[in-house]
Amino acid sequence: MPRFLNRRSQKIGMRPGSLVSAENTGLGAPVISVMDYGPDHCHERDHVNISELKQVPPPDAVAWVNVIGVHDADIMAEIGQIFGVHPLTLEDIMNTGHRPKCEDFDSYLFITLKMLTFNTTACVIESEQVSLIVTNNCVITFQERPGDVFDAIRDRVRSGKGRVTKMKTDYLAYALIDAIVDNYFLILETIGDHIETLEADLLLKADYKAMKMVHHFKRELLFMRKAVWPLRDLINGTQRKEAELITDETVMYYRDIYDHSIQVIDTLEVYRDMIAGIQDVYLSSTGNRLNEIMKVLTLFAAIFIPLTFIAGIYGMNFDNMPELRWKWGYFGVLGVMVSLAAGMFFFFKKKKWL
Amino acid sequence: MPRFLNRRSQKIGMRPGSLVSAENTGLGAPVISVMDYGPDHCHERDHVNISELKQVPPPDAVAWVNVIGVHDADIMAEIGQIFGVHPLTLEDIMNTGHRPKCEDFDSYLFITLKMLTFNTTACVIESEQVSLIVTNNCVITFQERPGDVFDAIRDRVRSGKGRVTKMKTDYLAYALIDAIVDNYFLILETIGDHIETLEADLLLKADYKAMKMVHHFKRELLFMRKAVWPLRDLINGTQRKEAELITDETVMYYRDIYDHSIQVIDTLEVYRDMIAGIQDVYLSSTGNRLNEIMKVLTLFAAIFIPLTFIAGIYGMNFDNMPELRWKWGYFGVLGVMVSLAAGMFFFFKKKKWL
Amino acid sequence: MPRFLNRRSQKIGMRPGSLVSAENTGLGAPVISVMDYGPDHCHERDHVNISELKQVPPPDAVAWVNVIGVHDADIMAEIGQIFGVHPLTLEDIMNTGHRPKCEDFDSYLFITLKMLTFNTTACVIESEQVSLIVTNNCVITFQERPGDVFDAIRDRVRSGKGRVTKMKTDYLAYALIDAIVDNYFLILETIGDHIETLEADLLLKADYKAMKMVHHFKRELLFMRKAVWPLRDLINGTQRKEAELITDETVMYYRDIYDHSIQVIDTLEVYRDMIAGIQDVYLSSTGNRLNEIMKVLTLFAAIFIPLTFIAGIYGMNFDNMPELRWKWGYFGVLGVMVSLAAGMFFFFKKKKWL
Amino acid sequence: MPRFLNRRSQKIGMRPGSLVSAENTGLGAPVISVMDYGPDHCHERDHVNISELKQVPPPDAVAWVNVIGVHDADIMAEIGQIFGVHPLTLEDIMNTGHRPKCEDFDSYLFITLKMLTFNTTACVIESEQVSLIVTNNCVITFQERPGDVFDAIRDRVRSGKGRVTKMKTDYLAYALIDAIVDNYFLILETIGDHIETLEADLLLKADYKAMKMVHHFKRELLFMRKAVWPLRDLINGTQRKEAELITDETVMYYRDIYDHSIQVIDTLEVYRDMIAGIQDVYLSSTGNRLNEIMKVLTLFAAIFIPLTFIAGIYGMNFDNMPELRWKWGYFGVLGVMVSLAAGMFFFFKKKKWL
Amino acid sequence: MPRFLNRRSQKIGMRPGSLVSAENTGLGAPVISVMDYGPDHCHERDHVNISELKQVPPPDAVAWVNVIGVHDADIMAEIGQIFGVHPLTLEDIMNTGHRPKCEDFDSYLFITLKMLTFNTTACVIESEQVSLIVTNNCVITFQERPGDVFDAIRDRVRSGKGRVTKMKTDYLAYALIDAIVDNYFLILETIGDHIETLEADLLLKADYKAMKMVHHFKRELLFMRKAVWPLRDLINGTQRKEAELITDETVMYYRDIYDHSIQVIDTLEVYRDMIAGIQDVYLSSTGNRLNEIMKVLTLFAAIFIPLTFIAGIYGMNFDNMPELRWKWGYFGVLGVMVSLAAGMFFFFKKKKWL
């Protein structure tokens, strides 16, 4: 299955905005949990029933609805109805191969991006789509699978400390995106460690296995780049005048994520350049190695082939070969051979082939 | 015949907007079919005569005129006259190698793009130009050959379900373009499957045949890119203020196609990068392989050539070769040979050539 | 002589707008011909004397003055005086290596571009600079040499058919530019034919001569690109608000040329990418071939070198070599040789070197 | 540890603006020094206690507070409180891997950039983050380690000469940034010296060690580019209308830094291109060398292998080999061998393989 | 000394606008000459004393002050004071490695650019910085060394012919810049000649020395590009609204230089592409050559190695080798050898290795 493009085949021919349950996901029913909190309270409910979502949260509270599993079309449609979500938005949430983007609807802001994790056993980056719907009193997050990078935020909300409980949904959305982007740095560090180690190895010895690993990480960076590159537009999208949900107070925080995105992209580009450099070194190195090997071979061949030929001549069985009868013939030939070998040796020395 | 550029030679020197029937297309007369539908009715007519097209559809109905075959200049001119189409537009429709674009005329919107299909037997992408003329009560589609990706839309229109029957021509046009763009994903998936399989193969073993296939898909991606790249401008063209035919209600849908186009282009770029990576791996791999082979050759040559030379010396037939008479001469020489071979072996071992 | 840059040396140090007759052009005196036509008449005069140009054409007529040969400074200056052309414009017309551009002067529009023709015997693109001065009742075209791509337009003017005789100078200018751009497609088709054929050849067999041809066409495309690339800016220049000579009616036609220019540029880029791909295939192919050859060589060497060495040992003439006296010594050695060869063979087979 | 990305791992999950002391920096407590000066006085204090910072400087004086060591979160928070610095700014100062940028807060301008030094023993560029907070009467600089490039500015302030003592904080900030950017040229000169020397060496002889050094400097340039590239945006940031702290009088000086930044970036790009050129030369050179070596080997092999074969034939021990009995057989064979060798030699000569 | 970056080391730590005399320039005192002219007069003075510069030229005259030698800080400061030049401008003039730019000060326009000359003996481009200060009645030019490309302009001024004596300082500045840019074409022609010749040579035979020359010119183009690339911005700078010194009448002339700059840059890019193409051809060619050589070697080895082995077998001295006793054994073996050689030959022929 192509990893760089999520299957959309089953959608072909459907009417736009129509929702199709993903086949064979191997995942159970979606799990919904709700945290609603204000400056002085925090209620958490897990495994919430959809109908309970209709209860309006108190006016000064912020509700964070977390939906794990986006493969069930019926449940998605129901959620969509409760929160007044446009069918195209629901379609985008369920299409887990969507490009990160930020779209401003009248009543909500829709943000979709990739949560990346580095699988250290297989040495590959794994991607999970996270979508956020931000209304003025509620943030709904959609994840594909259990497990995320939001635990620290949950702790902060529970403890009631920090800025998050004093501010509105735009700040919560910022905190969630920031957690995802911060995690990108962790992945870059891990890959960076590997690449710099491989480079050091390859400068010592051109090892094809190390080269394969370099190629492997190049692919992972390509994969990561596809997920990270659209972030700039996304963050810019949140800073447009029309995005009224983002207050002036939080804009500075979004600018901070923007800086981080740029830094991730910069670092990705630097690693790309480094890998290109490593490939050049590897090529130079194998080329150099081949020359070294060929020089040795040529040296041996060029010195011994003529000598063997001379020995061959005096191994011939002609009746009339006067040299064979000479007393010092053998030693003379040995002398000639040594001189020839020495001559060749110095000739090559002079030609810098040794 | 160059596949990347449709022949326009016969047009050279013609006055602009002049229509020339394509030669030798091997296609019969164009086939026209009409669907007109409203929220509560749907009439379908196949093999419609051109003169019948003049009948005005009822005010609240939408007419979809599908023309298969654009090679006949006379018929095209007649259609153009009925619907008030500018000669330059007709010329663009008949020039099947046109670049995808969107042009806003006073009374209609003209859109031309490529419908791509993947021929699985020849493993090539096939391209067919589809042109749309969108007036305020009629969408005329022009195709080169029978067979398209619009059957699902026809079904939706017939069933009267879905949004399409409740909305105007701009939505029908959107649905048609969306069907074409959705089909691009299908092709990308197929090619992606192939590329990722080939990459896995080439990482195991540098196989020139697999490399040729990689090159083949690189070309197909190039072909696809030429068709897809202008889509961004096309969709942007539909969203300009002046395009009054596109209502505010449908603009969001066109924005959705825009997102999909960007995603197709992104994926094309990623595949290009992947193929470049595969080529690098192949080069590294063949370079590495050559070094391996040369090392073996050099090893054999460097060890056996001196030994053969020594054997050659004692194969000479000089009368006076004292060593030949020594009792243990033969075994001494064998001993020297074994030591020499071992010495060379350890020398190469130390030099990391083994 | 560098082909990619027309000599300007003799101009160094001249005052701007000063006109210098080109040296040694081998061309005779410039030839001027005039066509003036309206909706219902058409007068043609060849070999017109410069003084005759001063006659004002009738108010509703359009005059097309065609000047062949721009190397004579005196004649150019005279023409410039008659039509009120700025000295810098005249300098640009005479500098036949000028970059295509469109400049808007108060009383006229100055357009210069390249007319390309494909010399099929030498397989090279030949370039000729065509400059247009468009006033409100006259189009003056300047060509370097006799022979152009405007015959079809002349026929249309003569026949009085088509739009050209009913419209003003801006349409005539459009028709001329369109004829030049249309001709680019012809060249692209020819080169495309060659490139696709060469690619097919090179996929079958890495042939250095075919590779040289690919390089040749790469250069020709480079040459063409230099001529075609500035066309976009040129056409955009005609569509600026200030260019009052281009009426609203003809703007659409210029937009059409713009589309064609983009298509030519697109196709040029695609061919560049294809050639890059062909080069990669060639490199892979020669690399693969080298490996194949080396494998055969190594196989022969690795199998026969040890065998020859064994034969060499028993060719030595030591008195005391017990094996030589054994009855089955010879056959034993033969057996050892066969086993060794078989062993090597299977070893290489296992290592996938065969 | 990856050098191209500073560790941020310990920050993951922290609330934005939270400050974490860096672990194991091996650095002692931060050292604060203050210089306050006006047109006619200059007071310097080293090892200042934080509480002393609260004393307001006299109205016409400028205070330069220099903090060495940004790893202690408590001290940073205290400083932040005294000068009214936003927590996000403090976080950026402590995150020593931050991308150079300029941010305009209401009461201060925040600038962070990299101070680079070239470690001549290890031949690597070392980077230290310098952050500036510019208020209307105070410039606070933060450095990671002792040692900087500001001594010349300190001398100028002390001496009371030059423009710096007559102007406000914006000029001091400019002088500091200028000192950092000027130092970039010093590094570029050193690297440029090395690269041009290496290029000259590699044109004489393809030496793999020199190639490794080229690769090394390529990496250093990559490292430098990451630090320098964002400077353009940074300086542009200072020139925006809203940055009221930068007076019209100093804007010209900032424009001067901008020019220098562009020049540094230009030179970096030129060195990149030069290194790419050197790599091409190295590849051509090793390829050429390999061909040279192979030609020699082939020559030897092609001449001596047939000769050795002939000698081998007449070394066979068949009873019935008439040639062996011929009187001049031996000399005939020698003649044949010489002719053959000469023939091969001239054949290769003619084929330009010698 | 790095040629691509002029030393600025001695400036490090100096206060901005401080002027430092260049060390060891080997140049004498700066030489100042003045030409003041109007429509009907022209006074020339060489070796003018600085104090004489203070005399105000007559109101309708234009003064051209040419300063040769910018290494003496005192003289520069004096000139600066007389003409009211900003210290930063003086610093830029003295820093001879400055990037070409145009800066608009209140009372003057400052332009700095590179005058290039091609040293035909060393085959390198030499660069000299020329700076212009344009006030409303005076143009001051600064050159590094005697010798320039302005003689033709001097002649035009002296003769009183041409437009230059009738117009103001902006036209003189234009004429000077135009002379410098025109000279770029001369250099491009020379380099173009060399490159096209080298390409033709390399297509015939892959010669490493020619390749080195190609690399050499690549570097020179890189050097030229660094000088020429910023010209576009420079000329655009003169056309900004605020640059009041450039009158509407002369703007058209500056637009002409702009066109020429673009053409120089275009041609530089084309040459870069051509050189890249030549490198590809060289690589293909050496690769092809290596394959040719290896094929010959392999052929010889593969045919003769088995034959030599057979000869070796029958050179063994076993007592019991029945074949040796056969009457036709020798001839039989010869026959086998010939058949084997022929078989191998046809095998290789069939495999297309010959």
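Order as written gives the chain letters A, B, C, D and E; numbering starts at 1 within each chain.
Following the convention adopted for this analysis, a residue touches a chain if its C-beta (ideal position, glycine included) is under 8 Å from a C-beta of that chain, and two chains touch if they have at least 3 such contacts.
Not measured: the values here are computed from a predicted model.
Any chain bridging subunit A and subunit E, meaning touching each of them, is among D; the list is complete.
Among the remaining chains, those touching subunit C and also subunit D are E. The rotation relating subunit A to subunit C, fitted on Cα atoms, amounts to 145°, rounded to the nearest 5.
Copies subunit B and subunit C of the same chain sequence form an interface built mainly from non-equivalent positions, shared numbers / all numbers used being under half. Subunit E has its Cα centroid 25 Å from the Cα centroid of subunit C. Each chain gets a centre from the mean of its Cα atoms; for subunit B and subunit E, those two points are 41 Å apart. Counting partner chains per residue, subunit A has residues 283, 287, 290, 294, 297, 301, 305, 308, 312, 315-317, 321 touching two or more of them. In terms of inter-chain touching, the protein chains here make up one closed cycle, each touching precisely two others. All chains join into a single ring; listed from subunit C onward through subunit E, they run C, E, D, A, B. Across the complex, subunit B meets subunit C through its residues 1-5, 7-9, 11-18, 86, 88, 92, 97-99, 101, 103, 205, 208, 211-212, 215, 218-219, 222, 226, 229-230, 279, 282-283, 286-287, 289-290, 293-294, 296-297, 300-301, 304-305, 307-308, 311-312, 314-317, 321, 323-330, 333-334.
Listing the residues of subunit E that touch subunit C in their complex gives 149, 151-153, 156, 162-164, 174-175, 178-179, 182-183, 185-186, 188-189, 192-193, 195-196, 203, 252-253, 255-256, 259, 262-263, 266-267, 270-271, 273-274, 277, 280-281, 283-285, 287-288, 290-291, 294-295, 297-298, 301-302, 305-306, 308-309, 312-313, 315-321, 352-353.
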